[in-house]
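Down below are the structures I want you to see.
Here subunit A shows up in two complexes: once beside subunit B, once beside subunit C.
The block that comes next holds the complex of A and B.
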C-alpha cells in the first residue's frame, strides 16, 4: 500500500506531547488553579484539580492529536473518489479501550471518594450528620440565608447573630448552613466551601482557614431577583483578634440577641406563599 | 392493512375560499384556542374561593391561569382536528386513515399524517423557537456587559434566563427526533409511515402550543427560577410561573408520546430483512433516546403537577413550613433532568456516527460497540442524578456512589469516541459542511466531557457547582453536542427533504464563524466560573468585567453566524432554488436512493434489506434495499 505506519507515528507524537505537556500543566497550571490556599480545604481542592488535570491532559491530547492527524492525513486525495478500507472493528482494540477507560474511571472514583472522606467532606455541604468529622475542638458557626443576605450566628458566644463573618485562623470551623425561605447556597470562594441552604435543613460543612485576609461570600443558587447581589466578604483573623471582635459583636447586638429565638439548627421558615 | 396501501392522489376541485376557511384547520384551532383560554379564565374565577388563600391579597389567580392554558390547549387541539378520529370511532363511523396528505402547501399548517410533512413542520417550528431562545441569550449577554444590572434590570434578566434555559432544554429535546427522526426513521427502516401518525402530528402541535405558552409568560410577570424551577422559589413566584409549569408539562407529554411512537415504529414496522443488527446507527440512537423520553418525561409531568397543586389549592409537597421538602423537588426534577440531558446528547451521537461513514467512505467502525455505548448511556443516565446535588446535603453518604456512577457513564460515552476514531482511521475524508459540523462535535464534546471530570469529582465540584464552570460545561455538551449535529443534519438532509441545494460557500462561512465564536464564547466561561462567578447573576465582581465583555462580544458574533445560516436558507431555498442531485453525498443509505423530495408514499413497494447501510469500501457493494421508488409528485 505504501501507507506509512500511522499507529506508530501517532503513538510517538502522542507520547512526546504527553511527556512534554503533562508535566508543564501539572507544574505551572496546577498551582494557579482556583480556589487558592486560604484554607486546608481549598488547598486540597488545588491538589485535586491538579491531579485531575494531570489525568485529563493525556486523554485530551490523545483525541486532539488524533483529530488533527485524521483531518491532515486521512483525506481524499485531490480530485479522487476513492473508497476507504473496509474495516468494521477490532476486538483487541475495543477490549483494550474498555479496560483502560474502566481503570481510569475506577481510579478517579476511588481517588475522589478517598479525598472526600479524608478531608471531612472537602468543604462541601455534607448534610445534618456527616460521616466524616474532624476530631478535636470545633467552632460552630451558623450561616442563615434569606432573601437576600447571609447572617451568621455563633452559638458558643451567647447565640449572637451578626451580618459579618469573621473566622479565627487555624481553627476548625463547623458551618451549619440553613435557610429561612428559599434554597440558597453559601459559597465562600477562597475557602473552598460550598453548602446549599435549604429551609428546615441543617447542612454541615467543615473548613479550617489557614491564611489571614479577606474572602468572598456569594450565593450560588438562584434565589430570586437579587440573587446576583447576595454577596459579602468575610475575614480570617488571628485567634486573639477574633476573640476581641466576637465580644464586640456580643455587646453591639446584645439588644437584638434578647429578641432572637433561641439557637436551633433550623428555624421554621417564614411562609413563602404570596399574600400570607 | 388498508392504511399501508398507496392511494393515488385524486384531482381535487378547489372549493371556494369561505368553504376552505371553515373546517378543522389552523384558523379554527386559533379561534377555539383563544375561546378556550377565556373560558378557562372565567371558570377559574368562578371556582376560586377564599380557601385559595392568596388570590384576594395579590390580585393573582393561578387557578384561572392554569385552567385558561389547559382549556386553551384543548380548544386548539380540537380545532386542529385531533378529536375527529376518536369521536368518529365512538360514533361507529369509519374514520379516514390518512389525513390531509395530498393538499399542497396547506398541509404544512395543520394535522397531517404524512411523517415527512411532520418532519418539515418540526424543523421550522423548532427553528423559530431556537432563534427566540438564542435572542434571549444575546439579551442576557447584553446585560452582562455591565457588572451591575443596567440594561433590562434584575427581574427581566431572570425572566430572560428562565426563558432561554427552558426554551433550549424544552423545545430542543425534539431538535433531532422531531424533524429528522420523524422524517427519516420510517424511510430508513423501510416503512411508509410512523406507527401512530396522528400522535406524531399531535406531538408537534403540542410542542408548538407549549412554546407559545412559554413566551406568553412575559404577560404575567415572567418567572424567576431558571429552567430548573426549584421550589420553594417556584411557589412564591408570580403568575408567570404557571406558564413555565404548563409549558414544561406539555413538553413532557409531547416527549413521552414522541418516544412511544418511535419505539412502536422501530420495534414493529421494520421492513423484511431490516434486522436489529442492520438498523442504521441513527435509528439506534433514536431508539435509545425514545426509551429515555418515555421513562423520564412522566416524572417531570408528575413533579409539575405537584408544583401546580402547591401553587393553587394549597398542598405543601414542597413547602418546608407545611411538612414538605425542597429536597423532594430537587430529587424528582433531576431524576427527570439528567436523562433529559442525554435526550439532548444521544441523537447527536447518532448523527455523527451516521454521517462519518458517508464522508470517510468507510463502513461504520465498531457498530456493536456504538449500539452498546448508546444503550449503556441510556441505562446509566437514570443512576447519576444526585450529582446535581453534591453540596445540597441530601444523602451525603451516597456521594461516592454517585461519583462512581457519573464517572462510569463516561465509559459508554467513550465507546462512541472510539467508534469515531475507528471510522476516521485511514478514511478518505472529504470536508463538506456536514462533515465539518461532525468533526466540530468531536472537539466540543471532548472539551465538555473532560470538564465533566471536574464536576463529577465531589471535592472539585465544591468549587465549580452552580458556577459559570457548569454553564460552560453543559453548553459544550448540549450546544456543542446537539446544536452542531443539528446543523450537520440540516446541511446533510435538506437536499433530500426539499430537493434543493444549500449554498456550500455560505455553509462554510456559517460553520467557521459559528465554531470559532462558539469556542470564544464558552471557553472563557470555565475561567469565569473558577474565579467565582455564580450562574444566573445579573451583577458580578468588578474584576471579572473584562472577561465578561469578551464573552458578550463573542456571543454577538455567534448570533451573527446564525444570521449567515438564515441568509443561506432564504437565499438558497427561496431565491436560487438550484435542484439538488438525487444523491449528492454518494451515500449508500436507502433514503438517498429515493427521489428528492421523497414522494408521499415513500416507496412503491416495501423494500427488503439484506445488509446494513454501510457497505463502503467494497469493490462490489452488496445490495442494501429494494427501493423501487414511487413516481415523484404530490
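The block that comes next holds the complex of A and C.
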C-alpha cells in the first residue's frame, strides 16, 4: 500500500471543518463580539469583528488540523531519529503562500477602508477635516481633556461646559476632541468611539447612539500619575430627557459659563508662567 | 581553592550585594509612602474636621529631597505633617479648612473656578461665602473628581507683605478657605490639584503634580 495523498486528505478535512465551524462561529460568537450595539458605530464594529473572526477561523482551523494530522500521521517510530525530506524550490508552494497571504491582506485593507468611509470614520478620531461626514443635522459636543478629567462643552447650548456627558438617542453627534495639556485619548467604550485628544488639535469623531443607558468613558493614552483614574460614565437618554438635562446644566453652570472663553475648536490656555 | 570556585564565590557575593541593594531600595521606596492622616471629630458641628495648608515650597524640614516643591500639608495632633492621604468617616459631613500660603497661578480651564459638590455648592474665602473665584486668581484646587467635589483656592495677592517662602509658614500672609462636603459609602478616592502649579516644570505639570504626597493623594472614606 503506497503513501496516501496527504495534501488532498488535509485539504478535504480542512474544507469540511471550515464549512461546518465558520458559520457556527459567525452565528454564535459574532453577536457577542465587543463593543456591543449601543450606537451605529459600535454595531459596525461588531460586524467588522465578526468578519475578521470569520476570516481568521479557517486560518486557525488550518493550523490546528495540520498540527493534529502531523501528530497522528507523521509521528516518528519510537527510537528513530529521522528528518523529513527537505523541500527546496517548490514554486507551487511559494506561489500559493504569497498569493494567499497577499490576497488576505489586500482584502482586509480594502474592507477596512470601505468600512471606514461608509461608517463616517467608524467612531474614530478623523482629524479636523474628516474625509467622510454624515449628512443631516448633527449635535456638536466638545470633549476637553485635561490632567485628569474630561469636561464637555455644548456650543449650541450657549457654550455651557459640564463634567458630565449625556447624549440624545437617535441623534448624530459630532465630537470635537481636544486637550488643554498633554496627549490624552477619549474612549467611549460601548459607543465605539476612540479619538486622540491632542493639545491644539480638533479631532472630530461621529457617533449616533441607538441604545438608552450608561456607557463608560476612559482615557486610553498614558497621561500621568492619575491616568488610571481618568474615567467616568456617560449616558444616552431620550431627546426629551436630554433637553431637560442640558437646560439644567445651563442653569447650574451659568456663573462659570460667563468666565469661559468663547467657544473655539481648540484652546491655547494661559497662564503657563509657572512652567519653564 | 580552585580558580573556578573562587570565581563562583565572587559572582555569588556580587549577586548577594546587588540583591541587598535592590531590597534596600524597594524598602526605602515602600516606606516613603505618605502616612494616612485621620480627620478629627467635629465636636460642636458633628462630622469631622480636616485642616490643610498649601505652601509654595515645602522646605527642607518636610521634604529634604524636594524642598522647593509646592505642596499640601495636613494638621495632625496640632502639628503640620506632609501627607496627602486623608481618612474621613463614611456617611458624615467633613468640614475642611485650608490655609493657603501660595500665590496665584491661574487655571488652564476657567470652568474649574466654580465650586462644585460641597454643601450649598459654596466655599468661604476669608469669611466670605462665594460660589466661585476669578480663574486668574486660582492658586490651587482641592478636587475629588469621582465625588464631584471641586474647590478652587485663591492665591495670596502679589502685593501682600510677609509672603511665605517655604514651610512652615505660620504668621505669613495667607487666605483662609473653608467648605464642607458629605461623604457616602466606604471607598478610596483620588484627589488632586487642577492648577498647573509645579514651578520649573514644563507648563507647571511635572514634579509635585505627578508625585503622590505633594499636590495629590487619596481620601479614604472609612
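Note that the second predicted complex is superposed on the first by the 258 of 276 C-alpha atoms of A that agree within 3 Å, B and C clash if a C-alpha of one lies under 4 Å from a C-alpha of the other, contacts with A are read in each partner's own complex, and residues count from 1 in each chain.
As a convention for this text, a contact is a pair of C-beta atoms (placed from the backbone, for glycine too) under 8 Å apart; a residue touches a chain by one contact, two chains touch by 3 or more.
Model, not experiment: these values are computed from the prediction.
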Where does A:265 make contact in the superposed view: on subunit B (first), on subunit C (second), on both, or on neither? neither
Touching A:210 in the superposition: subunit B (first), subunit C (second), both, neither? neither
Exercise for the section: Report for A:181: first if it touches subunit B alone, second if subunit C alone, otherwise both or neither. Expected result: both
Of subunit B and subunit C, the partner touching more residues of subunit A is B
Exercise. Answer with first, second, both or neither: which of subunit B and subunit C does A:146 touch in the superposed model?
Key: second
Who does A:22 touch here: subunit B (first), subunit C (second), both, or neither? neither
Looking at A:226, would you say it contacts subunit B, subunit C, both, or neither? Reply first, second, both or neither. both
### Task
Quick one: classify A:163 as touching subunit B (first), subunit C (second), both or neither.
second
For A:198, decide between first (touching subunit B), second (touching subunit C), both and neither. first
Could you say whether A:255 touches subunit B, subunit C, both of them, or neither, answering first, second, both or neither? second
In subunit A, both subunit B and subunit C touch residues 181-182, 224-226, 229, 269-276
Per the touch rule above, subunit C residues touching subunit A in the complex are 105-106, 108-111, 113-114, 116, 131-132, 134-136, 143, 145-146, 148, 190, 192, 194, 196-205, 209-212, 216
Counting only contacts in the complex, subunit A reaches subunit C at residues 144, 146-149, 151, 161, 163, 180-182, 224-226, 229, 232, 253, 255-256, 259-261, 269-276
Per the touch rule, the subunit A residues reaching subunit B in their complex are 3, 6, 33-35, 41, 44-45, 48-49, 52, 55-56, 59-60, 63-64, 66-67, 70-71, 74-77, 80-90, 93-94, 97-98, 101-102, 105, 108-109, 111-113, 115-117, 119, 121-128, 130-131, 177, 181-183, 185, 187, 189, 192-196, 198-204, 216, 218-229, 268-276
Within the complex, subunit A is touched by subunit B residues 53-58, 60, 149, 154-155, 158, 224-226, 228, 230-233, 235-236, 238, 319-321, 325-327, 330, 360-369, 389-397, 399-400, 403-404, 407-408, 410-411, 414-415, 417-418, 421-422, 424-431, 439, 442-443, 446, 450, 453-454, 456-463, 465-467, 530-532, 534-541, 586, 616-619
